[in-house]
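Each of the next two complexes has chain A plus one other chain: chain B in the first, chain C in the second.
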Partner chain A sequence: MTDVAAVHGHAKSGFWARLTAPENRGPLLVAPAIITLFVMNIFPLLWSFGLSFFNYRANRQNVPEFVGLKNFERVLTDEKIWDRFQTTAIIVGSSVTLQLIIGFSLAMLFAKHFPMRRIIMMLVLTPMMLSFVSVGVFFKLYYEPTFGLLSWVVNLFSSEPFALLSSSTGALIGIIFADAWMWSPFVMLLVLAGLVSVPKYLYEAAEIDRVSSWRRFVTITLPYIKSLLLLAILFRTIETFKIFDIIYIITEGGPGSSTESIAVNIYRMAFQNFRTSRSGALAYIILFIVIVLTNLYLYSVNRRAHEETL
Partner chain B sequence: MAQLILDELRRNFGTVKALDGVSFSVEDGEFFCLLGASSAGKTTTLRAIAGLEKLAGGSVTFNGQDMTHSPVQGRGMSMIFQTFALYPHMSIYANLAYPLIRDRVSRSDIRRRVNEVAELLRVTHTLKRKPSTLSGGEQQRVAIGRAIVRRPQLLLLDEPLTNLDAKLRNDMRAEFKRLHRELGMTMLYASPDQLEALTMGARIAMIDNGKIVETGTPQGMYGAPSHTFVASMLGSPVINLVKGRVNQSGSHHTLELPFGTLDLSGVSLRTELSSGDSLTLGIRPQDLHVDAAVEGSGSADLSISGRIHLTEPLGDVTILDIDVRGSLLKMVLPEEQAATYSLGQDIGLSFSLTDAHLFDADSGARMN
Partner chain C sequence: MAKQREIGKAGWGHTAVAGIVGFIYFFPVFWIILTAFKTRTDALEIPPKLFFTPTLDNFRAVFFRSSITSDETAATNFILYFFNSIFIAGTAVLLAMLIGTLAAYAFSRHPLKGNDTYLFIILTTRMMPPIVVIIPIFLMFRLTGLAGSYWGILLLYTAFNIPFSIWLVKSFFDELNPEIEDAARMDGSTDWRVFFGICLPQIYAGLAATFVFGMILTWNEFLFALLLTGVETRTVPVAMARTLGGSVGVDYGLLAAIVTLFLIPICIVTFLLQNQLLRGVTFGTVKK
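Up next is the complex of A and B:
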């Protein structure tokens, strides 16, 4: 080693030479990333997991006290939490369904060729690339009772003042619509990728086989896009399950707590009420649910891949 | 009567005329071959007949009905694609049953007919498997099965043997003939292979550049090709074509070839020749003989001599490339006779005028 360094003429110390030796360069280059990852991700993750078994509040100086599974027990028996789960489920169910319907229709449209297709598709894809904050602000302004676009349109037909976000159902619809608007293009992109992967000759063969266009869709198109569709559903379910930003900007969980999703609830618990340990326990429960969902997906994908090779 | 009449089919892809007035007719129950090189317009013709291709002009009449604008599903035709186009996500059974969905027949009927076809094509053992697990030959037979399971009146076959290896191709040729005999359906078979066309077709239409060059029986087209293109497409090895110039003295015509002069007085020609006309002489390798003059037979009309340039032994026969004063002529000799010659050796050749094909050198049209 030292020979090499000496030849190059800058042998400073044995340690430096060893550190920059060719066989150590790989680890050296990777080290900053690993250190950052550990400090910023892995350590806080493990630390918060540990904290969820203690009685700890980030705004108090008290020494944390070990309480075992008490935090988990408290969270799971809290009716408020179950109510937030229900709200989240309604948002996930409606929004993902809406995203699928809109995304699928858009994909069917863009699978055809028409003038300005590329430009229109870029426009359609824009919502997905915006930040949550800007989408939230857009919709907040749209729903604004006095000068918002929606209220203005409604006032063309009735003289009653219209405030969508003032009723709990209206607020939910507003959130669901904003989320679906933002993420339908994502579903479209995945479904479109599936649609264009179907070989054209299969449709021709099916036409020769005298199969109706609806049946062609069911027997050829659907099987081809099934796995991508499933992927879209999973991605969107997981993401929507964690929905926070849009709600926080548009309604802050209100009116009352009618649009408070589980993620908004965790945020409040952790950073407004400073029940740090309890919110940690709830966050881990959600992580667990997401892992289960992911594995369900992976299982079904692997099974299909296995079937195909048979 | 499953008779198919094509009248002046036209189809353009941009500025390319893929079909430039294709007309021919296929009789009921006939095995008809559409022969042409790749991109000659075979596939486009078949797709136009099936309705998969929009026509710029012309009409397709089938069963006495104008089908030009009928939807694909209503034409009563079936097609086998060059790529087989099996549904990869369905089992072989589902693939074979797929065309029967439309007929709303009972499950037991479907099962019976699928099994029948599977047996006919010897793919019964594959019914539960997916297409990707089958060999090329099996996939091919499934594709045939799917096309015939609903007993179409007309079967269109688009180069069905191109993706198979030589051995399978030989077996399948016989298979197609057997199927045609057993099913008695009208078949239109597109192929780039002259051997397939000659062995299977009751009649052949030769297509080039989106135009039908000649329609006829294999024997007729092989024996008296109407065009240099037809002559060079049919027959293996390829026919020898040599250009020559006509010399006239009185009413007596001779053809000046690079290697000799051919007396044309015994030939009845379709048009009057005059001095300076260019002709192409076609002579099949099988019609060239080792110089008969040596053996004292007088049947030859032109004897020439050349040097053996190359030999291609095929087992039973050998193809000899003979350099005759700069022109290469091919001839075929039985193996044992060819064995007596060696490379670079001089050889005398002759042929009879009755075996000669004469074409106009410019238009390529047959003259005798």
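Up next is the complex of A and C:
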């Protein structure tokens, strides 16, 4: 270690030479990223982990008391929480399925070069670039019984008053529809990335052999995009699992608590009831689920990388 | 290299089909843009008005507030908010790219002990629900006086963008042929020149993808901006949400005008760098 400077040939400043020595290059280059992430992510994460063992409330002055695992116990035995998990699962399941179907169909449409492709694709990509606030507010308006665009269209066909958000099933459908609309383009991009990677000679060979288009899809296209589809499912599942803004604006979790997702629940617990510590405990349970899902995500990615090298 | 993996070609017939589907998909956005040009009564008219006399009043109202007592108009702060959004998102994404590219190069060329563990933890910080850290970050910002300052929100957004910058850029470095770099080193190039002269020019596409993707995600961030920006540093999504309150209900025309204006910069960026987006969506975890 000490003769690093000597190897380099300049003995003037030992510290600087040691710092920029070849074997320290990795840590040196990584350091800014790790430091930033530690300060802004890891440290707050540890802080809130600590908080979840106390009975801290952000709106009270008194010194928080250590309560051990009580917050976790409270959260895990609360039936309401399980109900919120169920709501979240329904939203995640339906929305991700819809995103896959729509995203996949759109990808098939854009998997060719055609005139004005870039401009038309922009139309489809725009929903992803809207803010949650604007999607929330305007979809709420579209669903509105008297002034809503969608309600107007429905009323052309039926005379029954159409109030989507007033029933719990309807409100769920409204949320799922808005979320799926916003994020299907993302799935489309993923599937497109897969479709582009299919070697063209396979299709040419299939054409010579006069393989039907369905068989061509099953035997050539699907294997190439299968793992990307899996990625899309996992990635969108992780993101949708955290769904908050859209629900908060369109229904605020209602009617009743029928559309209250787990993230909305945490938000309420933390900022309306000021049960800061308990919300931290619940947030950690979510974090744990997200870590498991991230592991699955990486596993499927690695498998794909492995398949490709074969 | 990529040429043999070309996708098929289609003609104007396909353009027509895709155009119709694209327009249907775009319709909710199209309606928002139409609303931006409508008067308050036209905006909520039933049956909905497709044809109307367009007005620019909503766009004027974004920037100038008319006063009840006199004919004079006072400027709103929206120019500042637009500047904030562009400045904060742009700077944070570029900063994250700088820090991320250095780290990505190290992860790719000078692996540390436990390289994969570091990468996993980095990815997890991106996947975690923001609500987990929002309270500590809020307390931290209040204690250090970062709340409401440009530095605070820039630092936070930079951290927010670093994980996928690293993952994405690393996947591009991984794909380069290290033999070229070794050859250059044999010829006496310094590591510095290898990095800037040989590696970086080969991954411009990757940097572009990182930029687009980072911009889309940062542009619309709401929760942290709501809690951590002040009057001077407020971004457009927060200002947008603040127009919702009030006793007269939502002014849809005004909101639509803000949404429309706010879409323009991000659409331009995305359109110019569209081809790189395909790489961005997978966070670089999947190689072409």
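Just a few scattered comments:
To be clear about the criterion, the second predicted complex is superposed on the first by the 258 of 310 C-alpha atoms of A that agree within 3 Å, B and C clash if a C-alpha of one lies under 4 Å from a C-alpha of the other, contacts with A are read in each partner's own complex, and residues count from 1 in each chain.
Please note the rule applied: contacts are C-beta pairs under 8 Å (C-beta built on N, C-alpha and C of every residue); 3 or more make two chains touch, one makes a residue touch a chain.
Values in this document were obtained by computation on a predicted structure and should not be read as measured data.
When the two structures are aligned on the shared chain, A:W181 is found in touch with chain C, with no touch to chain B.
Look at A:L51: by the touch rule set out above, it reaches chain C but stays clear of chain B. In the superposed model, A:L230 lies in contact with neither chain B nor chain C.
Look at A:Y201: by the touch rule set out above, it reaches both chain B and chain C. With both structures placed on the common chain, the touch criterion links A:M108 to neither chain B nor chain C. If you count the residues of chain A touched by chain B and by chain C, you find the higher number for C. By the touch criterion defined above, A:I220 reaches chain B but does not reach chain C. Of the two partner chains, chain B is the only one that A:V211 touches; chain C does not reach it.
Residues 199, 201, 308 of chain A lie at the contact with chain B in one complex and at the contact with chain C in the other. Of all the residues in chain B, the ones that touch chain A in their complex are 50-52, 72-74, 77-79, 81, 83, 85-87, 89-90, 98-99, 101-102, 129-130, 132-133, 146-147, 150. On chain C, the positions that touch chain A within their shared complex are 4-12, 14-15, 17-19, 21-23, 25-26, 28-29, 31-32, 44, 46-48, 99-100, 102-103, 105-107, 109-112, 118, 120-125, 127-137, 139-140, 155-156, 158-160, 162-163, 166, 191, 216, 219-220, 222-223, 237, 240-241, 244, 250, 252, 255-256, 259, 262-263, 266-267, 270-271, 274, 277-282, 285-288.
Residues 199, 201-202, 204-212, 215, 219-220, 223-224, 308, 310 of chain A are the ones touching chain B in the complex. The touching residues of chain A, counted against chain C in their complex, run 22, 25-30, 32-34, 36-37, 39-45, 47-48, 51, 58, 106, 109-118, 120-134, 137-139, 141-142, 146-147, 149, 152, 181, 186, 189-190, 192-193, 195-201, 203, 227-228, 231, 238, 241-242, 244-245, 263, 266-267, 270, 276, 279-280, 283-284, 286-287, 290-291, 293-295, 297-298, 301, 304-305, 308.
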